[in-house]
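Pasting the structures in now, so scroll down.
Next come two complexes built around subunit A: one with subunit B, the other with subunit C.
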Partner chain A sequence: MIGKKLLGFIAFLVVVFVLVPLFISATGRWDFFYTLTSVALLSVGAAGVWLTFYIGRINIGQGAYALIGGYVSTILVTQANVSFWLTLPLAGLFCAIISVAIGFPILRLRGVYFAMVTLVLTEVARLTALALPITNGAKGITSIPLPGELSIFGLTIIPAFGTLSNPRFGFYIMAVLLMIITYLVLWRIVNSRLGHLCRSLQQNEELSASIGVNTAYLRVLAYAISSFFGGIAGAMFASIAQSIYPSSFVVADSVNFMLYCFLGGLGYVFGPMLGTLLLYFGWDLLSIAREYQLLIYSGVMILLMLVLPNGVLSLLDKKEGSR
Partner chain B sequence: MEQIIANGLYLGAQYALIALGLTLIFSLMNVLNFAHGQMYVFGGFVTYTVVVQLGLPFIVGLFASAIVLAVMGAAIEKFLFAPVVRRSKRDESTMLLAAGIAFFLDAVILLFFGEKQRGVPKIVNGVLNLDMRIIMPYDRILIGVLAILLIVAFIAFMHYSRTGRAMRALAQDKVAAQLMGVNVSRYSMIGFALGAMLAGLVGGLLVTITGVNLGMGGPTSVKAFLMIMIGGAGVISGAIAGGFILGMMESVGLTVLSAYGDITYLVIFASLMVFLAVRPQGLMGKPWG
Partner chain C sequence: MTPILQIKNITKRYGGLTAVNDVSFDVKAGEILSVIGPNGAGKSTLFKLISSFVPATSGEVLFNGGRISSLAPHKVAQMGVVRTFQETTIFRSMTVRENIIVSHHLRSKASLFGFFLGTKQAKEDEAAFASSADDIVDFLGLQAIRNELASNLPQGHLRALGMAIGLATDPKVILLDEPFAGMNHDETMKMVGLVRRLRDERGVTVLLVEHDMPAVMKISDRIVCINFGQKIAEGTPQEIRENEKVIEAYLGSEDAAIGM
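Moving on, here comes the complex of A and B:
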């Protein structure tokens, strides 16, 4: 069993680090690197949303944390001259701290109420970014320097992106690495004691509280981890785009994060990754359909929901298939 | 001051009507209809087509909007929501469907009506001027009164008709209503059609004043969510209260806070989050909805 999983993991690594770059250089579609980088980063954010789904909360507020993370990293890089690689975890931590403060009261809400408050949170983040002086209002912050080099004891681990001959490829590798680490962490969480406790929250919060599970602490913890993911995804995004505006992450992005989870399947750790790939990449490919792009995209989305209401990965569910 | 209150009441009447449709759908099926704003925009475009392009009177356009949207709502419920609700493991899956429908309607509006801002010529001319204290065009007053009449008619319908009673029973307790012989699938469909119809009617009313465009759908949905959160999701009186409260807050905020820049909505959102932290179920909602 373990061997099979390891084999799958190695196959995945080969695909993303060898086959995909080979394919792209063979076809010459270099823009795919940018698309796939976006997919990888969005799926990091979606992983966070998925974790809040796992404790039984619908989170439509990931855009807020992605925006906050992006701004924290950008402001640290441009105004305090901190290395980007240090701001990445700092942005995540900042989001986690904010999410504890916000999450403590609002995580008492459930179902649609929580969903709607988080939706409002995205708007609050956008409007705050517009109103604060440090974020430079609607003009945003542009021409952010590319990440510098990261070295420990003089040993270069990551070269400066400005010196790379193909920064797109560098960003792709970085984003995919980040995605892999995120999903390994997520997989580890789900298969740990913490994961089991989260599952009990999803099923029946009162019952698990009655047998001594500290539900208030658990849900804030899960929400903080979720926001951490959102923050680092946003920070990386701002660095790749080399700019950030209050409209970089809006309500539509928050909704999309949620849709990625739904489409992939809420019951599967790797659901959000697949969902992001299908929806984002599919949208990109459909651009050849021009004015019918949105029509086809939404039509396929509705159809998928009708055929597979429990997500694409529910195809793997053998019990369901035999019934 | 009087002007602010008059503006607030006028805004509130429209908002309440939008929120009513959303809350009706939510109370019956536990579905958060993301496509509500798009339905509203669609209703506006139907009225525009009938009135401006076909040259028919405004009232015909309004009826056309109501009928088109009601049929659309019924079809969406019967062919999309009902099968998904039946087969999915978690209630929330309907959210993906609702968001998909919202995108789909956006695409349809784009293809049929284009992306231009569309409006209908004023139905009545003239401005009411009370001593320079309240200044309000007659057409806004007419639309506001019509909206309030529609709200009253809707409440009366829910309270005194057989269909309305059945829907209220369903909202209270689905199983009990079913045991009493209420046909759940039929009344869910009627409820969805009614909710969509209300959205279409508001669209038809507002196209005479503000006009409609493609981009209005999403923000309208968010506003409607706000209203039903203030009042409590799934409660009719709550939706009306929420609509009027939001209308008032917007009207007061735009006047009082204008000195500090464009922060009205930031203040509204922030106070809403504090309010919900204290009272999660809204003003009149049931705990945990």
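Moving on, here comes the complex of A and C:
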């Protein structure tokens, strides 16, 4: 069983680090690197949303943390000359701290009430970015330098992106690595006691409290981890685009993060990853339908939720059940 | 010797309605004490007050002499006062065994981060939880359904599972919410035996709220009867049976209802 999982993991690594780059260089479609980088980063943010679903909360506010993370990293890089690689965890940490302050009061809410408050958060983040002097208002911050070199004890781990002949490929590798680390962490959380307690919270908060679980603490902890993921995804995005605006992440992005989770399946750790891939490419593919793009897209989403309420990955379960 | 649990002048008002009014009684270590009363007498509220799930308007609850009535529910559980719920309150999409294992949370020595990293202590904890869960499964006779999803269980088993979840926390005092409700005679007798063994073999003090008079008379060392939120009687089953106020409170119901 474990051998099978390891094999799958190795196969996945081969696909993303060998086959995909080979395919892209063979076809010469270098823009694909950018698309796949976006998918990888969006799925990092979606992993966070998935974790809040796992404690039984509908989170439509990940866009806010992506935006905050993007600004924190950008401001540190442009104004304090901090290395981008250091700002990446700092952006996540900053978001986690903010989310503790916000989450402590609002995580008492359940169901649609929590969802509504988180929806507002994205808009609050956007308006704050517009108003603060440090974020440069609607003009945003542009011409962000590419990530520099990361070296420990004189050993270069990541070369400066400016010196790369193909920074797109560099970003792709970094984004995929970030995604893999994120999902390994998420997988470990879900399969450790922390995840079991989150599940107990999702299924019955009162009973959870009665067996001695500090439910308020656990909720805030899960939300902070979730926001951390949102923050690092946003920071990496800003660095790739070399710019960030208040409108870089809007309510629609927050909603999309949630949809990725729904589509992939809320019961599966790797659901949001698959959901992001399908939805991102699905939307692009539908552009051939021109003005009907949104109509078909929405129709398919509604249909999927009706037919596969537990996400695309639940197809695997059904196959196992019929065997 | 101080009683293990002291309920002192506890009162709960919801707006103009007084659900529990100035109720006081003690629970001695190692006894089985039942709280009885007609429907709407305030038994459930009293239960929530003791387990600190709702805050009291006035009065207090002491556990081993220390005040627990203003603590968060999980703190009260940590101290060893654990409530069970009526049957629908379980972790539905976990198996019976998973339900019991996850409820061992209070016994963990490793931190949550330790569990995340999979430290030696965490692994020891998990092994200890698993074997203790198997003990509890055996103790309650749940072997046949140990890997069944909780949402698929019939009522009788759900009640036992609720008790198993409570037991997993290693309680000093367990509060059972209507453990015999909806059971037929045979099931009730089995449950009575189980509650006795809880006390005799595991040394747990039992406080229960119940409607089923014959079962209560059979199982209790002492009984507290409340009506309209107030305590109207306290004593041994024999004393309660002969108490006029109690008979009056139950007037209209058959004599058999109070086990005569």
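Here is the rule we use: the second predicted complex is superposed on the first by the 317 of 323 C-alpha atoms of A that agree within 3 Å, B and C clash if a C-alpha of one lies under 4 Å from a C-alpha of the other, contacts with A are read in each partner's own complex, and residues count from 1 in each chain.
Criterion: a residue touches a chain if its C-beta (ideal position, glycine included) is under 8 Å from a C-beta of that chain, and two chains touch if they have at least 3 such contacts.
Only a predicted model underlies this, so the values are computations on that prediction, with no experimental measurement involved.
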So, does A:Asn310 touch the first partner subunit B, the second partner subunit C, both, or neither?
first
Going by the contact rule set out at the top, does A:Ile173 touch subunit B (first), subunit C (second), both, or neither?
neither
Return first, second, both or neither, reflecting whether A:Val82 touches subunit B, subunit C, both chains, or no partner chain.
neither
Based on the superposed arrangement, let me know which partner A:Leu93 touches: subunit B (first), subunit C (second), both, or neither?
neither
State whether A:Ile106 touches subunit B only (first), subunit C only (second), both chains, or neither.
first
Greater subunit A contact set [subunit C / subunit B]
B
For A:Ser298 in the superposed arrangement: first (subunit B), second (subunit C), both or neither?
first
Who does A:Ala160 touch here: subunit B (first), subunit C (second), both, or neither?
neither
What is the contact status of A:Ser210 with respect to subunit B (first) and subunit C (second): first, second, both, or neither?
second
Could you give the residue numbers on subunit A that contact subunit B in one complex and subunit C in the other?
none
Give the list of subunit A residues in touch with subunit C in this complex.
188-189, 192-194, 196-197, 199-200, 203-204, 206-207, 209-216, 221
Can you check the complex and tell me which residues of subunit B touch subunit A?
26, 30, 32, 34, 80, 83-84, 87-90, 92-93, 95-97, 99-101, 103-104, 106-108, 110-111, 218, 222, 225-226, 229, 233, 261-263, 265-266, 269-270, 272-273, 276-277, 280-282, 288-289
Listed in rising order, subunit A residues that touch subunit B in their complex are 53, 58, 102, 105-106, 108-113, 115-117, 119-121, 123-124, 127-128, 130-131, 251-252, 255, 258-259, 262-263, 266-267, 291-292, 294-295, 297-299, 301-302, 305-306, 309-310
Quick check on the complex: what are the subunit C residues that touch subunit A?
51, 53, 72-74, 77-78, 82-85, 89-94, 98, 101-103, 105-106, 108, 110, 112, 115-116, 118, 122, 125-126, 165-166, 168-169
